[in-house]
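Both of the next two complexes hold subunit A, though its partner changes from subunit B to subunit C.
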Partner chain A sequence: MEDGVYLGVDVGSVSTNLVVMEPGGRISKKVYLRTEGNPIASVQKAFREVAPEFAGVKVLGVGVTGSGRQLIGAITGADVIKNEITAQGVAALQAYPEVRTVLEIGGQDSKIILIENGVAVDFGMNTVCAAGTGSFLDQQAHRLNLSIAEFGQIALRSKNPVRIAGRCSVFAESDMIHKQQMGHSLEDIVAGLCAALVRNYLNNVAKGKEIRPPVLFQGGVAANAGIKRAFEQELGHQVMVPEYYDTMGAWGCALLAQEERAAYGKSRFRGFQLTEEEIRVSGFECVDCPNRCEVVEVKIDQRPLAGWGDRCGKWQRINAEATG
Partner chain B sequence: MRLTFPHMGLLSLPVETLLNGLGHEAVPAPPTNKRTFELGAKYSPEGACLPFKINLGNFIEALELGAEGILMGGGLGPCRFGYYAQVQQRILADLGFRFQMFLLEPLGGERQELYRTLQMLLAKVPVFQAMAAFRLACRKIRWVDRGNALLRSMLPRSKDRVKAQRSYERFLGAMREEKTPEKFGAHYRELEGELRADLWPEAEPPLRVKIIGEIYMVLEPRVNFHLEMLLGEMGVEVVRAMSVSQWVEEHLFGFFYPHHRRRTVLLSGPFLPSFVGGHGRETIAEMVDAGVNRLDGVIQVLPFTCMPEIVAQSIAPAVSATYRLPCLTLVLDEHSAEAGVLTRLEAFVDLLRRRRAVRTEAGRVPSGVPG
Partner chain C sequence: MTPVISGPTGKELLNAGVKTSVDEACLPVKVFLGHCLTLRNRCDCFLVPRLVNINRKDYICPKFMGLPEMTKQAVGKQPLVIWKSEKNCALGSPQAVPAALRQGFSARRIKKGLQKAEAAFHTYHRLLQQGLFPAEAEQVLGGGAPPAREKNGRRIGLIGHPYCLYDPFLNLGTVNLLHRYGFAVLTPEYFPPRQIEDELQILAKPLFWTMSQRIFGAFRLLCKEKVDGIVYLSAFACGPEALTGELVKREAKALGLPLLHLVLDEHSGEAGLVTRIEAFIDLLQRKRRFSCV
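After this line comes the complex of A and B, so read on.
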């Protein structure tokens, strides 16, 4: 096996994760940062954290996933740019090869992946509603002045969860406030919220899907023991939370980068100097044809690096020439 | 009369031809765009489905261009589409537009409405000329649909997918103007030549995915985020049974094509033995067909709140399990975002690719046969 490391980056709505993976799959370092609306800065920061330790090590491949994958893929020179579902599934299979169902709740979306004989055969993802995802839980924890970990622990103490309206996050919030004003205890309310979110997840995302054990629960929300217990109660069997539950996406795309390396044998990684570069992104409306595409262009130290958003491929092509 | 009609995929090509041939002036709405969405959503009931809103937006934009009459389809059964024309008529009248609404009801619907519409349509030219116009429009849409199917099958194998789509757009442009039916075939063969000239040598057959669901969402690329092109660019061959010409045969002339209905009833029977309105039954029938023919997967597209498709959606897992056929359901409305759709499509295509790779390796399916 070649000496070096693989990097996996997951740029999500809430958090940015970077993992440094040894060939074979072991994670030697992980960084978990808040994206805070600035994916470029948070990725630069994440790379800066690992640079001192790994700057001298050969990077064998880079995989990028998450909603910011295209932008960050261009900036880092990623070998694999993958959607979150594939990345999460690959990581789950690495963690538990016998897994049948993956429940994943992230910052703004939630998914279910069904696996048979080591291959994903079906998945579901929230379509018209995002109630019950991490950013809402975050908000509520913040409002109650709790950290997410505390939030789960408090829920576990509840003996008599109250029923919270869980379909719409705004109504859930009004209902929670109402229950607070009525004098219900904090733990009963928090546990009620966990149960409501799980019900909403099962009714929306997992509708019509058969959930078979072993079940893996991953994504940032898996830190919340209250949600885990609510899942177990609702499903009637044990739910496992993998060790790297909050960086599964990043780990998955590092694994995919390793697959890619096996097939092509080289990496396009641009190097750790990307932490110091001036990266500018601008959007404009291309007026060359009636499609009026909204084109995004990335420039590094004034040089164009990548572009996308065009239906005709012109901007993508110009940039491919610029970078060779 | 200056007549307009709703857009639905390639529908405007034959309808323009027909109306102009009948001595009217076709006033097509501008192609569905951002403003159409905005106008439609603004003046429609919030709970109405996306096709209603886009139709309404199309009508407003066409009335602004000077249309005097609207030609709209009618429907039967438990899909709200049957009332769309009436509701849209009142909304437009309340907005102060002066126009007449003409309904093309299916046979078995409101006879008087249909009679009134036909009387208006046929008032300008002698019967033999009307027949000729109708035949021309029918032949045109058949060739156009054929060209579309050709693109869908060639796109995943094209060396330059942008160029292939350009050729197709040129073909559509030429067909729109063409008035001589003898030349339809020549345009088609020109497209075929251009597409075939630029193919990768046949290696592994591409993934084959069938699009099923609510007809408007399936056929109108401007509301489904150009689903078929996106899939084609990902190297997937898109298969579908639904098309404008198929709709004309089945909806307007079902009487002459009883085998369409028989096939639908036969295929959907074990899973959905009754008519649930819209294309609910067709969705299940086509899904079964995809399973029997061992396609790699199906994608169901429906507008948010569509009743017949919700029924089909809840039956789909049973069909999926029976034929081991992955199914992705996309529920779309004016609030849908392209990024979300892209992510789901990418993930679905990945899933199908990995699934096929494993199956091929396992030797259960000999290589070269679509698994």
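After this line comes the complex of A and C, so read on.
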């Protein structure tokens, strides 16, 4: 096997993850950071963390995923830019080849992936509503003055969870306040919230999908033992949380970069120095036609690197000339 | 009399349409009104058909019945001519031609004009049944050469109402995206109406809406054509589709055919839509690759 490493980057709305993977699939380092609304800075920070250790190592391929994949793909010089669903599915299969259902709950979105004989056959994703996602829990934890880390442990202490309306986070909030005023204990309310999130997930994202074991639960919210238990109670069977539950997307796209290595040959990775570059992104409304596309343009040290957002492809062409 | 036709759908047009239409209107109606508004300063009068039914026992969606009124509301004072069918005469019959359009024409010329229009309509649909898309068919009708199509490639079915499938702005370029991934795209208009009708026999009760019938029939035919998967585009707040969508979903599940149901909305969540289509295509490709091995 060739010497070197594969890099996988998952730029989500809430967290930015980077994994350094050895050929074959073993993770040798992982970085988990908050995106804090600045995907470029957080990716630079993540690369800075691994640079000292891996700067001399050959990078065989780079895969990026997540909602910021296009932006970060352009900045890093990624070889594979994949959607989150495929990346999460590939990582789940690497962790547990026999898995049949993947539940994934992230900060802003949640998904379900159904797998048969080692191949994804169906998926579901939440629509615009974030009621069944991590940000819902974040908000409610904040309201209860709890850190999100304590949240799961407190839920596990509950003997008698209260029922909280989970259809909508606005309803859930007023319902929760009502239950607090009625005098229910904190752990019962927290456990009730976990159950509400799970019900919401199963009724929206997983609507009409058959959940068959083995079930894998991944994404940032999988750290929450309360949610895991609520899933197990609702589904009636065991739910597993993989070791790298919070960096499955990054791992998955590193695996995809390895899988497609033959197709691209040499990596387009721009090197670890990208952490020191000045990267500017500007947006403008193209007025050449009534579509009024919002075009994004990326400049590195004042050289245009990439552009997108246009429907006609005009700005993307310029991008190809600039880099190719 | 010169007909003036609106251009392609765009952001400004959609915004204008959304602003003038009632809340309950579906996205395509809002787009239609947007088109009307772009014509407001370029024409003297609007011609809007009142479509109720085109077959004997089924109906076009009720939003179409109210289209002339909604247009009137949107365009204000501008005169509006409604083309509607009367008792015992179909929309395409000479008697149905609105008086405003008849002025200065003999009955014979009107009849001839209608025949010509009908012939063009049939030629157009024959082109669609050869697998052409509306824009391509129009090119061919205008004397252009038909585009080359690969016959043995991978194929994907795309179903939904025609105004969702063939408006690249509304569906955020779904057709282009599928073509870019190397799929031939088959739509309901590819199938002759008679074949679609035959497929409806399995239903316990006929579907009320003409468009729903076409979507469901085409779905069954696409299954028989052994396409790799089917993408179902529906418009947000479409009533009939709530039912058809469920029917299609159940049937696809029973057959084990990959189906992606996408709901189009004015918020144009392009990233979400593209992510779903990409993931769906990956799913089809990986399925093919790994089941061959």
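Brief remarks on what is shown
Here is the rule we use: the second predicted complex is superposed on the first by the 323 of 324 C-alpha atoms of A that agree within 3 Å, B and C clash if a C-alpha of one lies under 4 Å from a C-alpha of the other, contacts with A are read in each partner's own complex, and residues count from 1 in each chain.
The criterion applied here is as follows: a contact is a pair of C-beta atoms (placed from the backbone, for glycine too) under 8 Å apart; a residue touches a chain by one contact, two chains touch by 3 or more.
Given the structure is predicted, the values throughout are model-derived calculations rather than measurements.
In this overlay on subunit A, subunit B clashes with subunit C.
In the superposed model, A:Gln153 lies in contact with neither subunit B nor subunit C. Applying the stated contact rule after C-alpha superposition, one finds that A:Ser135 touches neither subunit B nor subunit C.
By the touch criterion defined above, A:Ala120 lies against subunit B and subunit C together after alignment on the C-alpha atoms of chain A.
Contact with neither subunit B nor subunit C is seen for A:Gln94 once the two complexes are overlaid on the shared chain. Of the two partner chains, subunit B and subunit C are each touched by A:Ser67.
Within subunit A, the residues touched by subunit B in the first complex and by subunit C in the second are 67, 82-86, 117-123, 125, 127-128, 208, 311. Residues 67, 82-86, 117-123, 125, 127-128, 208, 289-293, 311 of subunit A touch subunit C in their complex.
Listed in rising order, the residues of subunit C touching subunit A in the complex are 7, 10-13, 168-169, 172-173, 249, 253, 256, 258, 263, 267, 269, 271-272, 274-276, 278-280, 282-283, 286-287, 290-291.
Subunit A meets subunit B in the complex at residues 67, 82-86, 89, 109, 117-123, 125, 127-128, 207-210, 311-313.
Taken together, the subunit B residues at the contact with subunit A in this complex read 162, 226, 304, 313-314, 316-317, 320-321, 324, 326-327, 329-331, 333, 335, 339-340, 343-344, 346-348, 350-351, 354-355, 358.
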